[in-house]
Amino acid sequence: MKKIGIIGGTGYTGVELLKILKNHPEIAKISIAANSTANKDLYEVLPELVSIVDDIKIQTVEELLENNYDVIFLALPHAEAHNLVPMLLNRDTLIIDLGGDFRLSYCDDYKKWYGFEHLHQNLLDSKTYGLAEFVISYNFKLIANPGCYPTSILLAVIPIIKLMNNNIESINTVSYSGLSGAGKSLRPDLLLSEMYGNVKAYNILKHRHEIEIYQQMNKYGYNKQFSFIPHLLPVMRGIYSTTIITLKNKVNKQDIINFYKEIYKDEIFVRVRNNVPELKWVVNTNFCDIGIEVRDNVIVINSAIDNLLKGASGQAIQNMNKYFGFNQTLGLL
Amino acid sequence: MKKIGIIGGTGYTGVELLKILKNHPEIAKISIAANSTANKDLYEVLPELVSIVDDIKIQTVEELLENNYDVIFLALPHAEAHNLVPMLLNRDTLIIDLGGDFRLSYCDDYKKWYGFEHLHQNLLDSKTYGLAEFVISYNFKLIANPGCYPTSILLAVIPIIKLMNNNIESINTVSYSGLSGAGKSLRPDLLLSEMYGNVKAYNILKHRHEIEIYQQMNKYGYNKQFSFIPHLLPVMRGIYSTTIITLKNKVNKQDIINFYKEIYKDEIFVRVRNNVPELKWVVNTNFCDIGIEVRDNVIVINSAIDNLLKGASGQAIQNMNKYFGFNQTLGLL
Amino acid sequence: MKKIGIIGGTGYTGVELLKILKNHPEIAKISIAANSTANKDLYEVLPELVSIVDDIKIQTVEELLENNYDVIFLALPHAEAHNLVPMLLNRDTLIIDLGGDFRLSYCDDYKKWYGFEHLHQNLLDSKTYGLAEFVISYNFKLIANPGCYPTSILLAVIPIIKLMNNNIESINTVSYSGLSGAGKSLRPDLLLSEMYGNVKAYNILKHRHEIEIYQQMNKYGYNKQFSFIPHLLPVMRGIYSTTIITLKNKVNKQDIINFYKEIYKDEIFVRVRNNVPELKWVVNTNFCDIGIEVRDNVIVINSAIDNLLKGASGQAIQNMNKYFGFNQTLGLL
Amino acid sequence: MKKIGIIGGTGYTGVELLKILKNHPEIAKISIAANSTANKDLYEVLPELVSIVDDIKIQTVEELLENNYDVIFLALPHAEAHNLVPMLLNRDTLIIDLGGDFRLSYCDDYKKWYGFEHLHQNLLDSKTYGLAEFVISYNFKLIANPGCYPTSILLAVIPIIKLMNNNIESINTVSYSGLSGAGKSLRPDLLLSEMYGNVKAYNILKHRHEIEIYQQMNKYGYNKQFSFIPHLLPVMRGIYSTTIITLKNKVNKQDIINFYKEIYKDEIFVRVRNNVPELKWVVNTNFCDIGIEVRDNVIVINSAIDNLLKGASGQAIQNMNKYFGFNQTLGLL
């Protein structure tokens, strides 16, 4: 039975962690810290949780760290996990970071894409990039939980890269994300009045997740054109990614689908479809649904996830389950 | 040809004023002031207006007031119009206040319902309460444009009060409003992520519009129970009010409908329906649609308006038109 | 371990039953019949269920009835359960009818409100009206699961009727329901294009649920004015009811809240709030959240449920749990 | 002053035509035919139009054709306009077909993409493809009004094809459309309950608009890879297209933007933006907003239109205006 600490626990991903852990048979005790809501009761901050989880006092980070935990989940703004993790690693605690501070490969990337000075190249080298279906072994106590867009896109493209990297000319992805991806930030463009019936692209060719995705593609050998264009979708949750892969040579649709089914045959959370997936099929679940269409040398892959679950808290628990050797579905079905 | 100044011009009501005035044949020139966006170009702040209205520089309130206007529209936070209006009245300008600072009858009401000290009882006495269909004469240069909820409810109940005040036992109204009613305020509960698929009542039995409505009902003789329960509706615009009127004695449905049609027979902007109105019929228009149902001694009236038009900017222009003796529909159809 | 049959199983309530029963520890086997989708695989009809429940063949009603079940859930159009139930009752099976065919008290009511000839007054007398929190004993094998609106309204008003029936002058309720309440019917007014940003009242003072609610109120002694005005809310799921109760005499708000908390102190699925409930707190749960506001002799009660869970399938399982003496929360938390 | 007939007049595009023509200074009289609603009053079918347009009797197509018109707008299901147009052309009437029956280049295309036998190759050769900004002369009495997706995409790509066709390697477009694009069809997947919070791709690489777009690209010389992936967006109206153009060689972003601004400098309805366009900027307008982003040899163009206006009825009126030599903005600003 594991003891859990959640730091940054009252945002959207924190709520999802709490709901999942409540139904997890291997969890003994949960503590939560969140500086903006510290010293309040959980029920006051998140009244929807009454009678679902037990009420507890939200702590400051300092208070929470007075005790020891088997796992600490970090859901913090950029650069904050960066400062906290080295100290936590001395405690022999598994750290699962839901933010972006340890996802990239090089300190320099952080200056360019995140705008802060990263001081821990050794942790970037050692961390486990936790794309759960593709982690071979969890050999370090720091898991960088992937970003929401990267999860939806990498699960869609890694198999084809594995299958025929040399045949691929370019990969271009258009993604639409519900607004919970931006958290509870008080930005004018996240108001319902501003986004109702609206859509817009943003951070075109310069979103932080683009470099994260591309570096993972690199690991599997792909190093040609990749373009990523994220959009705001006027709903609360879910990501729908449409990836267009241009090949040198024609391929057969059924061959590709069969290969994807083979790759994911033991992975319950990836459902390779014979038809086009719908976003609602995955909302409130930890599934990633994948649909594949082919014409001659063009492959179109649609992939859908819940950004707060498979794209954040769900995958974090899946990583925790795998790390401890539990059935990876515990708490998640 | 009239010269127009708009103070507080880049919120939702300001945009609607600009769009209407653009198509108004009696308007010569428009100036806009908004302290939060002063010195910017209109197109920068409101890019949707490119090629629809002319680009102009947004001024500070002080700059705008260096010139004279035939009409000044005020769209300001509470208490700000209160301070500005006495000075403006010295200029022989028509002032149409879209805020609440001059809608109520007594200074004391402002302390209780709005939380500020109102110093101008004489203006509360003199102002024209601009419920356009019921203004008999515009005999003062200050028009208090009604609140959005009050417009939807008063147009629904004044006729029945006129017809049979003594027969009425109680009036209870449940209203749902799109979130633009709260403007562009950066409140967490106005985020799309918080309100998507959501509904909540708020300010139950203590909304500022309740006293505004009740004081107008009083003018027509009604002084029994009135309860008002507003709700947030997860859409951008529109108000849908459901009013339940309990009578002492039974009435006939068709008689009531006929009376409403008679009352509003010369009022193009009130459409008395034979069926139940839908909110979408009035969105983006200056109409108030009214539907009436009766069973024995209970009358149910549904009334729908666009909160930004009939409930704010549209009615403000309608008042301006009537004040100057123009056709009241100018710019509004 | 119970054997379950679901007749009419592939609509919105059927899906919810399947999801709940999947996680229910006392269920051995589930069969589904639905004439419109008979002979198809469940995964073909409801692809979102892949890997969540087991795939099974959807049967015709006749095929399903070749076997015996401990419980049969009926989710059928009006009049169809009416014809089927007498035959099923001979089989010593618990029947939980999610439709309206056995909710009312008298055959005559069915002619007037439902438009069909009801032939089984004895079953109307014998059935258990399954408002779960108020069922004293399950003494008959037919449970009429309450309507969605009635669930939200009766949980809000039965306590006050119990407390002070003689003090109540009138009860008026305005409810807003997400469109899943109408099922998957192909009606033009249920299209997204017709309802996006829209609201409308419907069946004002003549909705079938009004008589259902009123007859239950009668059982607790209330027989004065009750008006019910339902509205379509442009979201998928959830009901938000606003009930205005006019009393002869003033009451104290805290006394009322305390009484409600006392009444529901052992009922986990009713959460009496100190603040105003939000619809999102109950969506995807079996909770009914209640908020109470008082001014002098007027009580306003807001109550919120998920129409497909507490208002249909969730409460059906809750009734099943109670009937068999299980913990009523099995499968529901 | 022109006399107008609208055939198929009570769908979404018909309503928009009526609203625009109401404010058009060169229109004398409007007749409407729609077989599904023939003999009803317009106000009965479209109650939102009360007091906005005059009430008229909806005719059958036969009745409408008893009179002559200067312009007939056709808004009919596939294959119906195909049968009607040859007869109408004998009457010396301008015909503007809002459907797809005359958009493609060859009869054979209709068998493959639309599934019907097209018998009028001569009309396909003669018709004017009415992409309003690029029509050089209106030299035939049949205007094929472009599809909604093609309008949004062609306005975005024709300039770059004109500028550097030889430099383009591939063009791939991902589009999201509000559900009004599918009209009022009673399809289960268009229900609000099915699409709320949902997204899905459809007709991937086989949508009829793909061949329409590609044939127009061909006219400007482009004949390499084009892929088109349309999606359903859970809102009522608007299309947002994201086009990724891969070049052989690098280009400079500002050069490209300047070229687009030059191409469209006299075209009020195309607004080339310096920032990323938002869908809401164009909803309820005849504008197409275009935003351009460049990185090395990749250009991303976002283009947004209202599918019912610029993508249908608005552009139809724009074509009518240009055909008769009116100012192209009449009725449209």
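Chains here go by letter, A, B, C and D, matching the order in which they are written, and residues are numbered from 1 within each.
One rule holds in what follows: contacts are C-beta pairs under 8 Å (C-beta built on N, C-alpha and C of every residue); 3 or more make two chains touch, one makes a residue touch a chain.
Keep in mind it's a predicted model, so treat the numbers as computed, not measured.
Q: Could you quickly compare A-D and A-C and let me know which has more C-beta contacts?
A: A-D
Q: Relative to subunit C, which chain's C-alpha centre is the most remote?
A: D
Q: Quote the value, from 0 to 180 degrees and to the nearest 5, of the angle by which the CA atoms of subunit A must be rotated to coincide with those of subunit B.
A: 180
Q: I'd like to verify one number: the distance from the centre of subunit A to the centre of subunit B, where each centre is the average of its C-alpha atoms, in whole angstrom.
A: 46
Q: At what distance in angstrom does the C-alpha mean of subunit C lie from that of subunit A?
A: Here subunit A and subunit C have centroids separated by 37 Å.
Q: How many Å are there between the centre of subunit A and the centre of subunit D, using C-alpha atoms for each centre?
A: Taking the mean C-alpha position of each chain, the two centres sit 39 Å apart.
Q: Identify all positions of subunit B at which a residue touches two or more other chains, and write them in rising order.
A: 178, 194, 196-197, 234-237, 278, 280
Q: Take each protein chain as a node, join two nodes whenever their chains touch, and name the resulting shape: line, ring, star, complete or other.
A: Here the contact pattern is complete, since every chain touches every other one.
Q: Please give the residue numbers of subunit A that touch subunit B in the complex, ascending.
A: So the residues of subunit A touching subunit B come out as 12, 178-180, 182, 184, 186-188, 190-197, 234-236.
Q: If you look only at subunit D, which of its residues touch subunit B in the complex?
A: Within the complex, subunit D contacts subunit B at residues 47-48, 50-52, 196-197, 268, 271, 273, 275, 278, 280-281, 284-285, 287, 333.
Q: Taking the complex as given, what residues does subunit B use to touch subunit C?
A: 170, 172, 174, 176, 178, 194, 197-202, 204-205, 225, 227, 229, 231, 233-238, 240, 242, 244, 246, 276-280, 283, 291, 293, 295, 298, 300, 302, 304
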